[in-house]
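Each structure below appears as structure tokens.
Two complexes are shown next, each including chain A; its partner changes from chain B in the first to chain C in the second.
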Partner chain A sequence: MTDSRAKALGGLLARQGILVAFVLFMVGFALWNPRFIGIDNVFGVIRSSAILGVMALGVTFVVIGGNLDLSVGSMMSFSAIVVLDLHENPAFGPALAIPAMFAMTMALGALIGFLVGYLKLNSLIVTLGMLSAIHGLTLAYSGGQNMDIANQQATWFGVFGRGTVAGVPIPVLMFGGLALILAVILAKTPFGRKVYAVGGNGTAATFSGIPRARVVFMTYLISSFCVATAGLIQASRTMGAQNTVGQGMELEVLAAVILGGASLLGGSGTVFKTVIGVLILGFIQNGLLLAGLQFYAQFVVTWVIIILAVWLDIAAKRGRLWSPIA
Partner chain B sequence: MTKLNTAMLAATTALAGMAFAGAATAQDTWRIGITQNNVGVDSYQTTYESAFIAAAEANPNVEVVVLDAGGDVARQIAQVQDLIQQEVDAIIIWPTNGQAVIPAVREAFQSDIPVIVTNSNIAEDGFPFVASFSGPDNITQGRRAAEIMCTRFEDLGIQDEAQIVQITGQPGYTTAIERAQGFEERLPEVCPNVTLVESQPGNWNREDAQRVMEAFLVQYDNIDGVYSGDDNMGVGALNAALAAGRAEGITFVGATNFAVGYDAMGRGEYWGSIYQSPVDDAEAALQTALDVLNGEDVPFLNYFDTPKITQENMDQYDRPVF
Partner chain C sequence: MTDQTPALRLENIVKTFPGVRALGGVSFEVFPGEVHALMGENGAGKSTLMKVLGGIYQPEEGRIFVEEVQTVMTSPLQAKAKGVMFIHQELSLAEELSVAENVYLGELPRKSFGRVDWARLYAQTDEILDRLKVSFNARTRVGDLSIANQQMVEIARALTVEAKAVIFDEPTASLTDAEKVVLFDVISDLRADGVGIVYISHRMEEIFKITDRISVLRDGEYRGTLVTAETDEDEITQMMIGRSLDLSRNAAPVEVGEVALRVEGLSCGDLFQDVSFELRQGEVVGFYGLVGAGRTEIAETLFGLRTPSSGRIFLKDEELKISSPIEAIGHGISLVPESRKEQGLILGMNCRDNITLPQVDDMTAGPFVADGAEVAIFDQYRDRLQIKTPSWRTSVGSLSGGNQQKIVIGKWLAMRPDVLIVDEPTRGIDVGSKSEIHNLLRDLAAQGYAVMVISSEMPEVLHVSDRIIAMYHGRIMRKFGVGEVTEDSLVQAISGIGGDGQAA
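Our next item is the complex of A and B:
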């Protein structure tokens, strides 16, 4: 009886090692500083993480499909700048600026999807190239100027970044809602299974009659949709943006997705685990700030915590702390 | 690119003209090359470039070769070497990196071309090769910000108990380090009883500053003042405080007055900043180069003035264009 229970617990640990690491880490920080788990702080962190998180949801699809997306940081700068500029344009206004920005951002996603999916170009090269190409596009569009909403009181645009519903910040609701929808799509629909199949073994998938090119194309379209949503939250939260606002985020996004347990080789990972990965990164950043740690030390400690989390995850999977063989 | 080509063409034509005119009149027109850090990455640098070109065009005795390193150290070094090859009379450099450009600056020095560093200085090892530095004095900016903060606290009568936090620029960036240093030195001199409870970097990024300020608001129940390394981050901190409903009691002081900061001051939400104009910066750089070329006595550190701006005197200043 106890034996089977222990086994069940062991099985749970093996499947959700990263979740266990997350819980341990939260308890540790909460003991250090009780304000860490105050409701305001928790919502604050999830709200800040929402931008990174929404992007990570889309990249999860791309990574499970066996590809990479390094262009999401530049693309987010692009969407934030575009939506702010169109918002200030009297011909558009907020109601038209948002769909127009989504269309432009998703056109970029479609271009990448076409290059990687249909032309079968290497995704690392394509998206690395797009990283600087989109940055250039953003600079050309804005002429290098910061974009700001001049009259912030007169617009409802702030609702996406600053609003709340029943005390819950809207970015948190958007992150949660999108995570739920994408989790269902990935886990419960034929399309989701095709993404796993294409990422797991592209050749086998093709021979099984799965339209590999279209599936890859769709993953990039989903990714760009998520980026546009992130850009919207970002622009609305700060009511202004620099051209470099998303710079470097592509690696943080990738770190969150991989930390959550998706394989860089494709074919494995879940939306839920990516969310955990995002929250770990967000709460580490916040926890170290609240601990009042010197900034330079924060870099090192962040790295140590990530390594510990990954180690715990691996150790739980193989049932021992270290192993001479993989 | 067109602009660059035109400038180069103008410069080459001028050179050809000078060759025909002979040595006697050659000194009438100075050819000055500039390699900038990263035009287009922010509004300050974009405005700087257009102001520099405008100032050069207004002066009939100056021909300029305007280059941009795009934030790339290697490209900037190559640009300095190009300018040496073109035998310009002086080189103005906005360093992409204070250390890595020194060899190129030395090369120019050895070719007897005076180098003027603009906006952010290079590392001290390079000083022997530099004719003059023209730019803002970031330590003084930090010190003035401390004075603005302290004077405000005295007006509010809280100079003996106020608690403040600081949001600094990019770690390792000279401007960020010097502003923080000036602020931290001056504050205890003018307001010895004000406590600086914590400093964290906002990386010149509004979103980062907003996140840091949110954590500060959770951590500290009493925050009376926030000093930010520039107004862009200061407005991020202000946004966080507004969202938490705590902006009312906080004095926000920044540096490099941005348009958003100016507007927030107009609304009475943001208290003060340091007025630093990219137009002054560009014009000072060109003037310094001309003074050096004309053999005038130029101080090695040639600062242009960056005055205090607060809600009380902001009507004397134009709204910044960036």
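Our next item is the complex of A and C:
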């Protein structure tokens, strides 16, 4: 009896380990410091997670389609710098700067999509290379200077990062709205189904008449659209940006997607799960800050969380925590 | 035999997985010097039993004895230490290493300071290889060996310690006839040395050739043990599937209709040359030949996966250029591919979504996939093909091979094709599902489909086909009309002897 109970518990831990750990963590921190689950803090966490979250939504499509995207961090820096620069350019102004920035960012996404989808190059190598190449592009574009909006009172540009509707911050609304739209696309449309098919077994998808290259191409286009949105929020919130504003975010984004339960092998995951993953990451980092941990410790903690998530993902598949065979 | 101590004995082994009782109290023993066959359909529990024996699964109940000493198996390495060895169907060798390194993998003989004792390693390995009478030596790189010789390396592995019991899991699956003879010699040597041998195979002729007794599993239950000399194929089959099986050809006259597909002088580089044939509605045309004869490549060309170097393809007298599977599907050509798991199915996806995958673009209400319509299609083909699955939500990967194959067939029938190409319709499928799929192919022809079947199994191709096209080295050697074929002429044609003279 106790044996079967222990087994059931083990199974639950293996399957829902991340959620269980998250709940324990939340309860523990709430008992220790009630401020942690106060309305202000919760909204604060969601708001500060929105940029990461928007990027994670797009990467969810890429990962389910069986690929990786490590270029999103440096691509976000690019978007922020470009939109700020064009905003200051009298020929553009905010109304033209935004669509122009989206077009430029998505052109980069299309290039990655072409290389990975149509030329079938390894996505790890392509996007790792793009991480560096786009960083170089950003520096070349900005001449190494940080970008600032000179006259912050004279523009409505700050609305995306600083505005609220009925008390809810606009970044949170954009994150929520985009999550909803992308969730429906992924779960309910033929295109979403094809993303799962291509990531689950690309060869079988081809044999079923699914245009694999086009589907992969589209996932990168969606990812770059999300990056552009994140870059817009970032630029708007701070009305200025460094060349390195998105540096290192690719790993946090990937951590959130995996924490949510998408498999790195492709074919599984959902938008909802990614949102959960984003919130888990946000709350854990926030909790550790409240606990007085140094900000820099977060980088190590994030790594530990990624390893834990990957381990539990594998453990859930084989039904136990450790096994001599794969 | 009964007064001997069994080399290996399993007693009342029970193993359950969530919702499934994989083994329901299986007992089984093998004596020293005995070859004991373990038979059963796919899903009967043979692999689970072997995994219990190798310590990969722990049984809920039951005990394992090696020479009547109770043993708890915790890993394949530990099983080996107890004298229980496994020769797997799928080879697990490191191709870049030498034969000797593979044979002693993880247990290389050592000198001081942990240095490998190469001299001893090669000497010991060569000693074992001598026993196996093989043509290669300890220093050969494994990747350079044929599949059969690689299998010998696996066997050599089992001989490094004093084996009490050796389990052969479908060892002949990839061997030629000549190679089988060598394997059977090895087995009879082992038997003479007093090793107990468990032999798992689907192939009846082998079972009768080399085994002493036969134990049968069905649905995880032990069905009984027969003495090989006192039984026959019918009795075993009946025990395995719970009914007798009719493999004879239903000789109903074929009413063939119009030409559905015509191929003229089709070539594709070195793969196949100058292939011409017709496929009519209402008939099954079998393509028979050795592996590599170009049959699969013809199918892939017709399905738009390869570009022909010359030749013409007509569908109902309309000439087509097919450059992608999407176009082939659009023209009414469907392909049930050779490899179900790699090419046919998204294993992690559920049954319904697999079946509707090729037509998911058309199954929409507004911009969204119409769930109801999809379930209706799934229900229709589940009933028509008698697919056994708990629900459409079940992931395809958890079904048996036979049911998986039915999902692939259902997927393509749901496209209502004019031409259905089926490549190796029953590879890796148990006997019961095999005959169901054969009957299904016959039914489809009777309903007016034009069916092209590619098979490497002669009984299958003889059983399902109206006409047979024999191929050799990328060319059609001979076309057999209805009732013209004999086994001898077929064997000759696919070996390149005595065809219609088309072959060079």
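Here is the rule we go by: the second predicted complex is superposed on the first by the 269 of 326 C-alpha atoms of A that agree within 3 Å, B and C clash if a C-alpha of one lies under 4 Å from a C-alpha of the other, contacts with A are read in each partner's own complex, and residues count from 1 in each chain.
In this section, a contact is a pair of C-beta atoms (placed from the backbone, for glycine too) under 8 Å apart; a residue touches a chain by one contact, two chains touch by 3 or more.
Model, not experiment: these values are computed from the prediction.
Here chain A is shared; do chain B and chain C fit on it together or clash?
Overlaying the two complexes on chain A (C-alpha atoms) leaves chain C and chain B fitting together cleanly.
Tell me which touches more residues of chain A here: chain C or chain B.
The partner making contact with more of chain A's residues is B.
Please work out whether A:200 is in contact with chain B alone, chain C alone, both, or neither, and reply first, second, both or neither.
A:200 sits against chain C, while chain B stays out of touch.
Between chain B and chain C, whom does A:267 touch in the aligned arrangement: first, second, both, or neither?
second
Contact-wise, after the overlay, does A:165 reach chain B, chain C, both or neither (first, second, both, neither)?
neither
Answer with first, second, both or neither: which of chain B and chain C does A:189 touch in the superposed model?
A:189: touches chain C, not chain B.
For A:304, using the defined touch cut-off, is the partner it touches chain B, chain C, both, or neither? Pick first, second, both or neither.
Touch partners of A:304: none, neither chain B nor chain C.
Should A:209 be classified as contacting the first partner (chain B), the second (chain C), both, or neither?
In the superposition, A:209 contacts chain C only.
Is A:23 touching the first partner chain B, the second partner chain C, both, or neither of them?
Once the two structures are laid over each other on A, A:23 reaches no partner at all.
To be precise, I mean the smallest distance between any C-alpha of chain B and any C-alpha of chain C in the superposed model; what is it in Å?
35
Would you tell me the residues on chain A in contact with chain B in one complex that are also in contact with chain C in the other?
Touching chain B and chain C on chain A: no residues.
Spell out the part of chain B that touches chain A in their complex, as residue ranges.
Interface residues on chain B, with respect to chain A: 39-43, 45-46, 171, 198, 200-201, 205-207, 210-212, 214-215, 218-219, 232, 235-236, 239, 243-244, 258-260, 263, 322.
Which positions of chain A touch chain B when the two form their complex?
Contact set of chain A toward chain B: 33, 35, 38, 40-41, 44, 48, 51, 139, 143-146, 148, 150, 162, 234, 237-245, 285-286, 289-290, 292, 295-296.
For a test of understanding, state which residues of chain A touch chain C in their complex under the given definition.
Listed in rising order, the residues are 184, 188-190, 193-194, 196-197, 200-201, 203-211, 267-268, 324-325.
Which part of chain C faces chain A closely enough to touch in the complex?
Listed in rising order, the residues of chain C that touch chain A are 56, 75-76, 303, 305, 324-326, 328-329, 335, 337, 342-349, 353, 357-358, 360-361, 363-364, 367-369, 411.
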